[in-house]
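Next come the structures, one after another.
Here come two complexes built around subunit A, the first alongside subunit B, the second alongside subunit C.
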Partner chain A sequence: MDTDSGATVESWRLDKPVALAVIFGAAGILLPLFTIREHRLDGGTGLSVLSASVPYSVLLAVCILVPAVIILVRTNAKIRAGLLAGTGSVLIVLPWLLAGILGSRELLELELDLGRVAPAGGFWFLTLSGMILVSEFSRRVQGWTGTLLVAAILLCVFAMFRLGLLEDIAFIREYRVREQRFLSEVIAHLRIAAMAVGSAVLVGVPAGIVSYRYRVVRKPVFSVVSGLQTIPSLALFGLMIAPLAFLSQRYPFLRQLGIRGVGNAPAIIALFLYSLLPILRNTYTSLSVIDPAVIEAGKGMGMTQKQLLFMLEIPVALPIILSGIRVASVQTIGNTTVAALIGAGGLGNFVFQGLGQASPDLIVMGVIPIVVLAIVIDRVFAFFIGRVIPGARNVE
Partner chain B sequence: MKARSSHIVPIVIGLCLVFGSFIFSVGFREMVLRALFPATRELIYLRTGLPHMLGEHLSLVLLSSVLASIAGFSLGVFVTRPYGREFLPLVRGLSSFAQTFPPVAILALAFPVLGFGFRPTVAALFAFGILPVLNNTIEGIESVDASLIEAAQGQGMTPGQVLLQTELPLAAQVIVAGIRTSVIINIGTATIGATIGAGGLGTVIIAGLVRNNTAFVFTGAITAAGIALATDWLFSRLELVFFNPQDGVRSGHDSTRHSS
Partner chain C sequence: MIEFDRVVKYYGTHRALDGVSFTVPDGCVTVLIGPSGCGKSTSLKLVNRLLEPDDGYVRVNGRPVKSFAVEELRRGIGYVIQSAGLLPHMTVQDNIGLVPRLLGRDKAWRRARARDLLDLIGLDPHAYARKYPSQLSGGEAQRVGVARALAADPPILLMDEPFGAVDPLNRETLQNEFISLQRKLKKTVIFVTHDLDEAVRVADRIVLLQDGLVIQEAAPEELLGRPSNAFARDFVGTDRALKRLGRFSVSDYMSHDTRRVGTKDHASVPVDATLREALSRILAIPSDEISVIDAQNRTLGSISLEAIRRAGCGGESS
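And now, the complex of A and B:
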């Protein structure tokens, strides 16, 4: 890896990843950028940038040419990185703007009041091309610069959305119809996930410590917990229903707490069981990889067992434990989606409603916030793991 | 070790018998369900037989996992060769980014792109199944000691020989662990495939959820769970036979998360 980061002494050779980005970008220009749909369930007709607008296609062509130039011309590393970042961000942001503005204009011309603009192949190819360039940029710079660029790009798209430039894009339409419910589903989603992961931390971390301390319990605890994670999520949700329905029928106070066979209760319990493994495993691993010399040193200083655990072992183990919680959180955000099938709240409701109505736009509208939540949570954990604990190694 | 395996054999055979009867004998299944759900009138899902749904499920998983393993493995080998090494950081970055995507999201997005049915589901399972195999192939090959590769080269081995005789045998355990993760994820995601009309064991679970029939839900859930656990167990046996790993908490297998 070190050999190709010293870009200043690079000789004449093809920069293959950037070449790939150019090919994808070219495909993005040629393929339909978006489709115009007459109504919600219309298949739609495709429209490429080339046919829609000359100035914009020139602009996009420039964005494809710049990386092509980067491949061929030897410039200094800083300029190259800057060009990569610039063209990469434009290639990601511009398709949104084009779909928003050109799409709306097209709808007006065709007098389609109920029409909508759906991103198509060209849109995604341009995005992919931009992502490759941004990823190549992030590799060439250090630390958080790459993440900052990604954040800036996301902010840019968000700003366009706030300014109302994207209103005719199909899944934004779907969002506008459900604006109120959207927010409450996001909150429900986060609440279910947080309760599941929170209780998994409360159980998983002590369980990890106990399995580290007492070898006898390690094997049974690990086989049960990893067995749980092997079970398909929908099956685990399903298996929760019967016992919970039985319990809530038997004990009225549980019913008063809102615990029923379907709904949030079985979802949270199943998601809790699912989150245990990464947390338990990382707690156990983090404690067992501590250098025995460190523990000896602690003992030599006259620390008691309790002091050893709280003042030495846990602080040293914290980064790895945190990455276990990170894995559990990202995974739980995804699995909470499935929980909608057993009547729990959350963004999965939009996704499965969309599947039920065969409405691609509604599905996309549900999936985007789920993916964004997962990525944001992942990055936030990465930040804290790298930041709060100095010298921490970021264990994926 | 030997004493323990002989101890476990009758238990495994017993479990297989019970599980097999549950799947293939309607009478036995009805008896079990009757005992568990005395109040439910309709115990057996009649629209599709359980063995048929199981068959659909297994073919979904088998097809997508074989394709995903081939693709992930080839791509992993490609980016660790001299001519593909330039792509290594890019592939690593994109695949760790893609792994934040929930499998159910990929599955849901398969519908707008490819439509309903069996093939879109296979495509979605394939797309997500690549990642664990790819990651573990890269990780496995990269962790081979450089001095071993040099030694092999020093003996006059061609690059192809170094790959086949040194790198891959040493990386095999980690690669197989990646395939295991990929297969288990696919078994789980295939269950949700029923929502895009792929068939499989999710069909009876969804039917049970829609009709508020807990016996249906239980039938599909217990079968899917059993299949997943059995597959995982088979993989662990396989790893034990071929690689004889040191006894401990599963290591390579854990590099990627399960979720679906």
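And now, the complex of A and C:
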């Protein structure tokens, strides 16, 4: 895994991701960290961290200089990974704290009771820079150290939120107004995505197995599923409306099941169709690439067709099948946002409300939990896939 | 006993086996050998019914293999293939315990059996039982493949170029281990290879195949000494007399008279070496005789060029 241990003989190469993080970080310091707005729709005046607080500017500058030095100077791979983790975490967490504390102080000085602090370019650049460094760290360490760090960062931000340090940040304001609906929309979002991916697993995995076992059905199955993938997602949601509306008109029992032209049903069906391809393709591919010698050995030892499938083929293919489900899940969490357009619930509601009201704060409020959900789900899958890879448990 | 009775096998229109008949006696290693495409692997796979013949019979102990339930048949026959074919998601001990598991043996029994077999094939059970196949070297994986084939103690063992993917040095070690293992276990083995040296080393009997026909079925000494036609003569090569010496042990042809051994050089040959090795050593010294020593370096006697020559001519002259 670790390519850096032989660094002394390697010639120097530019570590591109880290370099990018340094550039983004520098931009983050120079650009306005947040804007102070008098009210919800005010354009506001920007404030960079340099003009707000010298000590914090220095701290951020250090967090950007350290990765810059890492690029230029050869160090021990472990120390390097540790420094990436440390600086990356600070670059993600600190902007929240600064927006919360410095922003509040500014509002107080300007005596803006209804004012709010909206994160601006600097905030996002610093976050991006930190995320790159953290993901570089995750790439360089084994096991779930990376997952632990991500969890720690999320917990840290959540703790600041619970302690009331972030109340003046614009999208937290938006959140407070909608606190009642927020949790139910998160649950709705997850439910829609889970039902879509769940049914895609129930259909896609068996379809992949059947395509592998019976080569004749492979072509038709794959052309249908790949064809579906080419329809733009927005169009697919729209296309669901007419036939489902017709069906629910025609068959009242469907209406009783909650299947109508708009709402959850068309959203789940569309998202299900989208999730099929990664799951089907990974299942099929993972089975096709099994070493034929292993299958011959299984047969030669007297496995029945069923034993061959459940004791050999599926277990061997499992890590790749799970990666397909992982891709489908992360992708579906994002796509579920669009489902709000056709009346399904979920966090997309906030995003489209925000678009309607020209309120970027509200949009951001909807997008942040979507991103967090996607990251958490991705990490959970990474953990489980790591567990099922043969030998992963006792390779040091 | 395994019998091939006028077996015919087609691949499409290609006649891979063209009426093959031979017998595999119990407790011996029968090597199927021949150039690629001669039908040796095809023949092997007919025994455990990975392939079915188009005509003729394959019988095990007089009973046609067709009459067995295919899974039952396979579980009763050990099968070793070239790249070991270990299941990558199972530990070494679970791989070894696979056939017993299919036969309904419980976990404790399988674990104990796996440990015994690891011992038998010379891998430390503590170090290897819980390893995964990806953590093994080629030679280790191949040993585990043999242990797996032996797990349910089948009377028959099919080995399809079992050491073909191992480097030459390790291959010889594995061959020697296999020979001493077979001495203990006395399985009925069909062993497929295209390597004549390997065949000569491990075989009790050799079946030479060409284009789906049996050319010669004989003991290795006989095949090397009296190849039955031009193809067989070609196949065993111009150094067949030399290869044949590899079948004979120094201990059978040496003189036990220790006085005759010269003292001017320190060249010697181990008592368990083959005549081929003894000849090679004699050719390197300016004498016609070389002393024979045991594992403790004690001189037991000597072997002469003359004795080796007599052994070598034995097959050809008669």
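In this text, the second predicted complex is superposed on the first by the 306 of 396 C-alpha atoms of A that agree within 3 Å, B and C clash if a C-alpha of one lies under 4 Å from a C-alpha of the other, contacts with A are read in each partner's own complex, and residues count from 1 in each chain.
Convention: a contact is a pair of C-beta atoms (placed from the backbone, for glycine too) under 8 Å apart; a residue touches a chain by one contact, two chains touch by 3 or more.
Everything numeric here is computed off the predicted structure, so don't read it as measured data.
Trainee: Which of the two partners, first being subunit B and second being subunit C, lies in contact with A:G130: first, second, both, or neither?
Mentor: Neither: A:G130 stays clear of subunit B and subunit C.
Trainee: Considering only touches as defined above, state whether A:G208 meets subunit B (first), subunit C (second), both or neither.
Mentor: neither
Trainee: A:G345 in the overlay: touching subunit B, subunit C, both, or neither? Say first, second, both or neither.
Mentor: A:G345 sits against neither subunit B nor subunit C.
Trainee: Of subunit B and subunit C, which one contacts the greater number of residues in subunit A?
Mentor: Counting contacted residues of subunit A, the larger count belongs to B.
Trainee: In the overlaid three-chain picture, which partner chain does A:G100 touch, first (subunit B) or second (subunit C), both, or neither?
Mentor: A:G100 contacts neither subunit B nor subunit C.
Trainee: Return first, second, both or neither, reflecting whether A:Q229 touches subunit B, subunit C, both chains, or no partner chain.
Mentor: first
Trainee: Can A:A293 be said to touch subunit B (first), subunit C (second), both, or neither?
Mentor: second
Trainee: What is the shared patch of subunit A, the residues that subunit B and subunit C both contact?
Mentor: none
Trainee: Taking the touch rule as given, give the residues of subunit A at its contact with subunit C in the complex, in rising order.
Mentor: Checking each residue of subunit A against subunit C gives 291, 293-294, 296-304, 307, 312, 315-316, 318, 388, 390-391, 394-395.
Trainee: Show which residues of subunit C lie in contact with subunit A when the two form their complex.
Mentor: Per the stated touch rule, the residues are 48, 50, 70-76, 79, 81-90, 98-99, 102, 130-135, 145, 148, 158.
Trainee: Please give the residue numbers of subunit B that touch subunit A in the complex, ascending.
Mentor: Where subunit B meets subunit A, its residues are 36-37, 86-90, 93-94, 96-97, 100-105, 108-109, 111-112, 116, 184, 187-192, 195-196, 201-202, 205-206, 208-209, 214, 217-218, 220-222, 224-225, 228-229, 232, 249-250, 254-255, 257-260.
Trainee: What does subunit A use to touch subunit B in their complex?
Mentor: Counting only subunit A, the residues touching subunit B are 1, 4, 15-17, 20, 131-132, 135-136, 138-139, 218, 222, 226-227, 229-239, 241-242, 245, 261-262, 274, 277-278, 281, 284-285, 327, 330-331, 333-335, 337-338, 341-343, 348, 351-352, 354-355, 358, 360-361, 363-364, 366-367, 370-371, 374-375, 378, 396.
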